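You will see subunit A twice below: alongside subunit B first, and alongside subunit C after that.
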Partner chain A sequence: MATVTTAAPRIGVPGALKHPVLRKLLLLALAAAILVPLANARWASGSWPAALTVDFSDQLTKASVWIIDNRDSHPLFVYFFGHISNAVVLSVRAVYLVLLAAGWAGVTAAASLVAWRVAGWRLAAGTGVALLACGFLGMWIPTMQTLALMVVAVLASVVVGALLGLAAGLSDRMDKILRPVLDTMQVLPAYAYLLPVVLVFGMGVPAAVLATVVYAAPPMARLTALGLRGADKEVLEAVESLGATARQRLLTARIPLASHELLLGLNQTIMMALSMAVIASVIGAGGLGDRVYQALSTVDVGAALAAGVPIVLLAVVLDRVTGAAGEGLGEEPRPNGRARWLFALAAAVAVAVTGRLVGRLDWPEAWTLNIAEPVNRAVDWMTDHLYSGVPVIGGTADWAAHFTTWVLDPVRDTLQWLPWWSLLLIVAALAWLIGTWRTALTAVLAMAAIGVLGVWTPALDTLSQVLAAVAVTLVLGFATGIAAARSDRVERLLRPVLDVFQTMPQFVYLIPVVALFGVGRAPAVAAAVVYALPAVVRITTQGLRQVDPAALESARSLGATPAQQLRQVQLPLARPALLLAVNQGVVLVLAVVIIGGLVGGGALGYDVVAGLAQGDLATGLVAGVAIVCLGLMLDRVTQPTERRAKKGA
Partner chain B sequence: MSTTPTAPGTATAPGTATAPGTATTPRAAGTPGATDTPVFSVDGLWKVFGPKAHRVPADPELAGLTSAELRARTGCTAAVQDVSFDVRKGEVFVVMGLSGSGKSTLVRCLTRLIEPTAGTIAIDGEDVRAMDKTRLRELRRHRAAMVFQHFGLLPHRTVLDNVAYGLEIQGVGRAERRERAAQVVAKVGLEGMEHRRPGQLSGGQRQRVGLARALAVDPEVLLFDEPFSALDPLIRRDMQEEVVRLHREEGRTMVFITHDLSEALKLGDRIALMRDGRVVQLGTPEEIVGSPADDYVREFVRDVPREQVMTVRTAMRAASADESGDGPAVAPDATVSEAIEAVARTGAPARVMEGGRCLGVVDHERLLGVVAGTEHHDPGGAEHGVVAGAGKRKEVA
Partner chain C sequence: MRVRMRTTAVVAGVSSLALLTGLTGCGAADMTKQASPFANAQGAKSVTLSVQSWVGAQANVAVAQYLLEHELGYRVDTVQIDEVPAWDALSQGRVDALLEDWGHPEEEQRYVKDKKTIVPGGDLGVTGHIGWFVPTYFAKAHPDVTDWKNLDKYADQLRTAESGGKGQLMDGSPSYVTNDKALVKNLGLDYQVVFAGSEAAQITQIKQFAKEKKPFLTYWYSPQWLFKKVPMTEVKLPAYKEGCDADPEKVACAYPHTPLQKYLNADFAKSGGEAAALLKKFKWTTEDQNEVSLMIAEQKLSPEEAAKKWVDSHESTWKAWLS
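Right, the complex of A and B next:
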């Protein structure tokens, strides 16, 4: 088995056949040798053959027209979707009114006091400052709109997710059904969820909330199921040995044992909900996301930043407070906890009432700080001085242009020049090498579906951006990850940066890249790289650091140099983590490349936005489905088998 | 069939263990609560994992195979194969074997935490396998409580609430269960730690909590599944002594699973030695060490300090007329090592005295024979055939 790398056909072919990789490749080559000439003879074309596409736009247009016509009359809408829609609107409205009635002082006080009880005074102060900052930026009302939408969406997601998770955690059959669905939903870009809900509910708050729930419930469900299933077997056995009923077992053992996962699920659900609530501005969510969206569409970086900063602040505060709640779980309960909660409640009410009596419910105009103008001036200055013509290093716009002409264009052109069947073959080979024939089949079918839908060319454009961004991400991410794994100081410096970057919603990343690079495909790629980098760095670092110290020590004792240790021990042993990093990198990059359609990324992402903006749901839906297929294909091609269980990050 | 079911009140002495000199007697006095009713009576018990497990015990041909052959033939794993024994009231019954010998599966079958494949289990004469859910729950709640190797504590509860958990399951009110739990916590020596979480305790303390939780429901029998394997040697000894103490104070029946021979010898009134799912020998520690049933057992007990396990009752010979008059006196349950000390001190053979009567004597020759493992079981002693010691407490290191 030592020389299987030599591909030359030798007498010992049966021996070589024993190697699974070679066997798979040979089989595939055999299948290709038969199928390709056939396919090539019938549909000889570089791009996806027109004969193999099916035009769904007529049916989709008809369907969407039918839905629009019947939205107020058909019983399905009147008695089912109508009620859902009304309930969502009413509850969001109610929460919004409560927030407004509490006034800025009341909301800030209540949030800080909750943070104090849950996470200590430091985070309480941070929460207060963050909320006040939202006010100072003149974003109090949009912040409250986003918050109201979030509260409703998170509550619904948690209920839905916990119920699904309970089902999957307790029943093996449900787990078998739900797990692949939830896993797949987790890898799909947020954009894919927008169109279907718009089709049913139309643009507006209900659609935004439901899209958010669909996007944010899966992590809750997955982690609930994971927690219930991961419970210490011996504890459950002990509980059973004492004669507990099934109900007692669930309530006194399984759920409490899963509480860490449940809180982690809550944390993730909140973060995903925030991310989606911001993105959902393109389907009428309003609030902070809408401000960013409007500003970006006019390339008003200052205004986008003014709305983007509150989003980041909200994200960081929500993440830290829920995270701290999860960590504080196992500790001893402090004395008179109930009294302190009561005190917190009373204080919050007192502040709110005072605010009301003083008549200071709305954020005072005089206290706002207009950062849009100075920021725009700075951006203008950058445009003038940094975009191009900087001696020696060139300018940011030059870099973007170079990246587009030297990297993006060649990759895209190569992909589009390659015969369609060869792409399918490459996909099949990659997926099969890393997984089973099922994985390969799913990947190939997903890729073929893109062609059938008639969006082969734009999909390859998107794919080229993804590939370029993933390559950059992996090079930077692995290098940084290795550095952080080798030096504690680098890791200490990186950690807070990664923490912040990982909590920010995808949408926010578009703001700085537009400021730096203008619009186009290169900024979309840059945003994707920045978004995916933290996860890749983190997984790489963790993977390298978790390498068995004994193996490393034995290598050192044999006199291996640091480079040898890295190449021969750490990297091979950290292989699973590195593969996971690749997979996560691809998934995250795709999500942002799609959103990059908003800033000139074009391709599939643009089709979705354009479809929404022009009311041409057919185009948008087709693009949405293609995004799903692309996501599925990319995930399968990079996903090692038997990894499914671990994707909490 | 390595063991044969026997009537209650007789030791199940299989195979070669039924040699002359190892006949059975009622339990020696001194063990509290020893009576003739078996608490657990297990007969022909099988647990087979794998596809169509039920056919294995039913088919005499399959049932006769060894584990490896069975796995090759059917893909099934027989964890417990045709095991029979009685656990008498008030005794410490040790099931001992290496990992994979099926002992943990066996103890779980007793309360059907693992459903047995074939055979019968009776608790106080009641058929456990015939019990419905409610009755079984009743059994687990009140009659048999288990202590686990990795403690199985609920990490989110305090020590007190963990101990009270069994009572909570039974529906005992909060105040009462806490009061009862507090008493048990004190009994296992955890006073002052009632409000800690398991995560803040050491391994030994955690197992004390596990023990207390089992004791709190006041069960008829305590089941231990390798309770001290995960503990450091010193702490293990503490815990073993704790169990000895509890048994002496309360006389509760115990079934104790272990892979540690010295633990088995120290705690067990009787030991069932398991290998590959079968019981290869069942007897008192002295029988196991003194007359191993086969080469496996002999290999197993080879390094045991025999003088600390064997009693002078086994080692003695009939006393000549002049010997029965003087010399140091030792009890029949005394270990050979104690007799050696007495003989070495006085230089004369020691008399084995029971109730003022001289049963026999042990001299240098006899004692050295035990230590060297060359003693022979000639019926030299007047009452040599009587082996007691089932209920003795030995001080083995």
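Right, the complex of A and C next:
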């Protein structure tokens, strides 16, 4: 209704028709004026009308029971899925056995030497220290399990992603089909991927690896396609004029020209695979993620951190090494490069063999360091002193209660009070204003699908949490981003903090927020804010810093104060970056709000958790699809017209 | 040229499929018979145990793991899985044993009676009971709160930001056996069930309430180590009668007392050797379990240390399992 009334008074102004924004709003108002009375007359209700919902739970339950009953006999499973599952198990096992056979010394040496060759001495030292730290924390075996799973998942993702990317890069038709699918896959919360694979493969490593591949392959595919399509036309023409065949052109020109994008794709795939490998502990992936999960079930923040730190170390090392490999690509090869590689290989083998001869394959137990206890003491102190009754500012639990009653409840109640068609209109208006009629249509259809699935009310509950979290994230993120853009020192201080926070497993955030804010929607929102903040800060900072120095200089010479420079020059010029920050913020917040179901966030996230936990796939799948729709809607509503080349925090 | 490209793609596809089958062997591949890739590494005899998210289950597993590793020389992997999915994993052989089950008749019918992929492993020796609890300090001040008929009187005091105008009945993890929503509805109580989402979250919340001596009403169960830290008193619900919880929508009675059960994968039970024999004989008391649970959850000992302490002081109990 709100849209209709705001647009209506302007109908009489003919000049308004020339303005695209107003024209869109007018058209929408016109459509609404016809459709809304019809819809309202037929299904007069505030919430989504029951007549328009379809109940899938019977079919879904039947399907899941059928799968469980036929998993060991039906040809589809025995001859197809069974082989996939078997291949995954065998490959993970093979990698795991190799890692164990190399022993801790061998693995550390090999990793450091590889890092030395591709990224130099400093990163090599960092890699070695990081791996040793994993051992010191008593996490050597879980680290190797996660690593084995990761190696297989990353290899599979790279192969699948590169093949898809090749297809999309060479054929326009494939590109048209694949691009929207890949774009969409990137904005979906990881949780939504877990249920379908569990349905087919059951709990365990195969399901975990496959979910990881589905999650991590898209960036590789997008960047491969991008690299192939972005190749310099002149170079290609030159190669063609030399009479090269299609295959020669591909192998000698297009792929080498795309190598930067390929390496960037590899880097993003590795990072996404790692974050998924942790979340997949919910479906029996084992390894470090499982340790975090187990520790959280006993409110053991210290133990969760002991398993979380190796994950962060692995992430930082892998990110830096692949990143450095990408940067070093354009340089001339060193004269004796091959000899150095041989030396590195020989040294790694020598260390592994020595380790074997000395009989020190397992990490010695005496060398482990127990960080769990001091961490837990610190957390206890925090809960004791900050929870409630702190003079003047009140305790964290009081804040959470106030946030719930003053922000979350009103937002949720408003959303649920609004008639269903008005929400669809708002979505359409927002998506159309910022994008094209296509994005608007997708957004509206996604929103309507949520209603059809019969989860309108919980979805709005989730939406209210997302909106509140995004608002807080943007306020904090823009403020921090502006501070970092104005001062080099602030940025230098922030950079390592942001790096660590961006790679932390989402799980680890949950327990400290419960300790601080209690159980409910407020802690879920808090975890989401902490998770999304680094990306928003980073994008804002970059956007502001890239503002044309000449524009700033001229503003300064005209005597603008720093505040005026910021408001009238930097912020308007950085608008695309700020919009991107909003989009990223929304996507990341949604991912964690969903996981917030584990700490009382309720709504859709809870349904997914409950579906996984009770083996009730009907509930879980419906909620999962609704999350997908919600993610799609939120992305389209915040998505500027031109798609960015790359995404991902 | 385009045709050539397509043939290349087809060849690549076919060869990768061939590679896949080559890798896993021709013919049928039954994925329900595939063990964890981390099992039996380097020729060690190994057992995979499923751990549920509550500490009592961790205590069972910790002691079983300690004995398997130190007395029988096995390598033990543990995997955290919720109750219902654990049955599926057990049936598939991804885990070998489930040491504490709170009663899942539907799964028992499917896997034990129909498919015969799981066999019962006997009593754990512990009797479980689920109920509604208030903190003892609150029950002492208001003795009549322990009858469900008087609960509405206290709904005001038990209200929170999440329960929206009604009293809050706090539930834990969605994976646990619960009839609470139906109970509240069928008993006509002025309460709202609020799921903490996980047991960890629920325990944190209970401890916070207890520290401030605030009243609360929670779904809880025994045996549970938290009773030692936060004494709680059960609220009497209409008495349990056999079959009164048959229809989950119409439940209006208390929860039963359940003797907790162990289950083993059928193949493991047959060929699991000493490990299977130990797990079948594994039987201890509520006190034993609580002792270990408390060491893990409250004194923050690692499960292994806690198990070692218990094993050192209860030799006569576990010696009987090994014979």
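Keep in mind that, in the parts below, the second predicted complex is superposed on the first by the 610 of 649 C-alpha atoms of A that agree within 3 Å, B and C clash if a C-alpha of one lies under 4 Å from a C-alpha of the other, contacts with A are read in each partner's own complex, and residues count from 1 in each chain.
The rule is short, and it goes like this: a contact is a pair of C-beta atoms (placed from the backbone, for glycine too) under 8 Å apart; a residue touches a chain by one contact, two chains touch by 3 or more.
Note that the coordinates shown come from a computational prediction; the quantities given were computed from them, not determined experimentally.
A.B. asks: Does subunit B (first) or subunit C (second) touch A:Gln268, or do both, or does neither?
C.D. replies: Neither partner.
A.B. asks: Which partner chains sit in contact with A:Gly597 here, subunit B, subunit C, both or neither? Use first/second/both/neither.
C.D. replies: Once the two structures are laid over each other on A, A:Gly597 reaches subunit C alone.
A.B. asks: Which holds for A:Thr245: it touches subunit B only (first), subunit C only (second), both, or neither?
C.D. replies: A:Thr245: touches subunit B and subunit C.
A.B. asks: I'd like to know which partner A:Ala253 touches here: subunit B for first, subunit C for second, both or neither.
C.D. replies: In the superposition, A:Ala253 contacts subunit B only.
A.B. asks: What is the contact status of A:Ala401 with respect to subunit B (first) and subunit C (second): first, second, both, or neither?
C.D. replies: Only subunit C; A:Ala401 stays clear of subunit B.
A.B. asks: In the overlay, answer first, second, both or neither for which of subunit B and subunit C A:Gly82 touches.
C.D. replies: A:Gly82 sits against subunit C, while subunit B stays out of touch.
A.B. asks: On subunit A, which partner's contacts cover more residues, subunit B's or subunit C's?
C.D. replies: C
A.B. asks: In the overlaid three-chain picture, which partner chain does A:Val235 touch, first (subunit B) or second (subunit C), both, or neither?
C.D. replies: first
A.B. asks: Would you mind listing the overlap between the subunit B footprint and the subunit C footprint on subunit A?
C.D. replies: The answer is residues 245 of subunit A.
A.B. asks: Mind listing the subunit A positions that touch subunit B in their complex?
C.D. replies: The contact residues of subunit A facing subunit B are 232, 234-235, 237-245, 248, 252-253, 256-257, 259, 329-330, 332.
A.B. asks: State the interface residues of subunit A toward subunit C in the complex, per the touch definition above.
C.D. replies: 68-69, 71-72, 77-79, 81-93, 96-97, 100-101, 145, 148, 163, 167, 170, 198, 201-206, 245-247, 281, 283-284, 286, 290, 293-294, 296-300, 302-303, 372-373, 376, 383-384, 387-388, 397, 400-401, 404-405, 409, 511, 514-515, 518-522, 596-602, 606, 609-610, 612-616
A.B. asks: Tell me, which parts of subunit B touch subunit A in their complex?
C.D. replies: 108, 111, 113, 136-142, 145-146, 148-157, 165-166, 168-170, 195-197, 199, 210, 213, 217, 223
A.B. asks: In their complex, what parts of subunit C are in touch with subunit A?
C.D. replies: 1-2, 4-5, 8-9, 12, 20-21, 23-25, 28-38, 41-42, 51, 53-55, 58, 77-89, 92, 94, 110, 115, 160-162, 164, 170, 173-175, 194-205, 208, 211-212, 296-297, 300, 302
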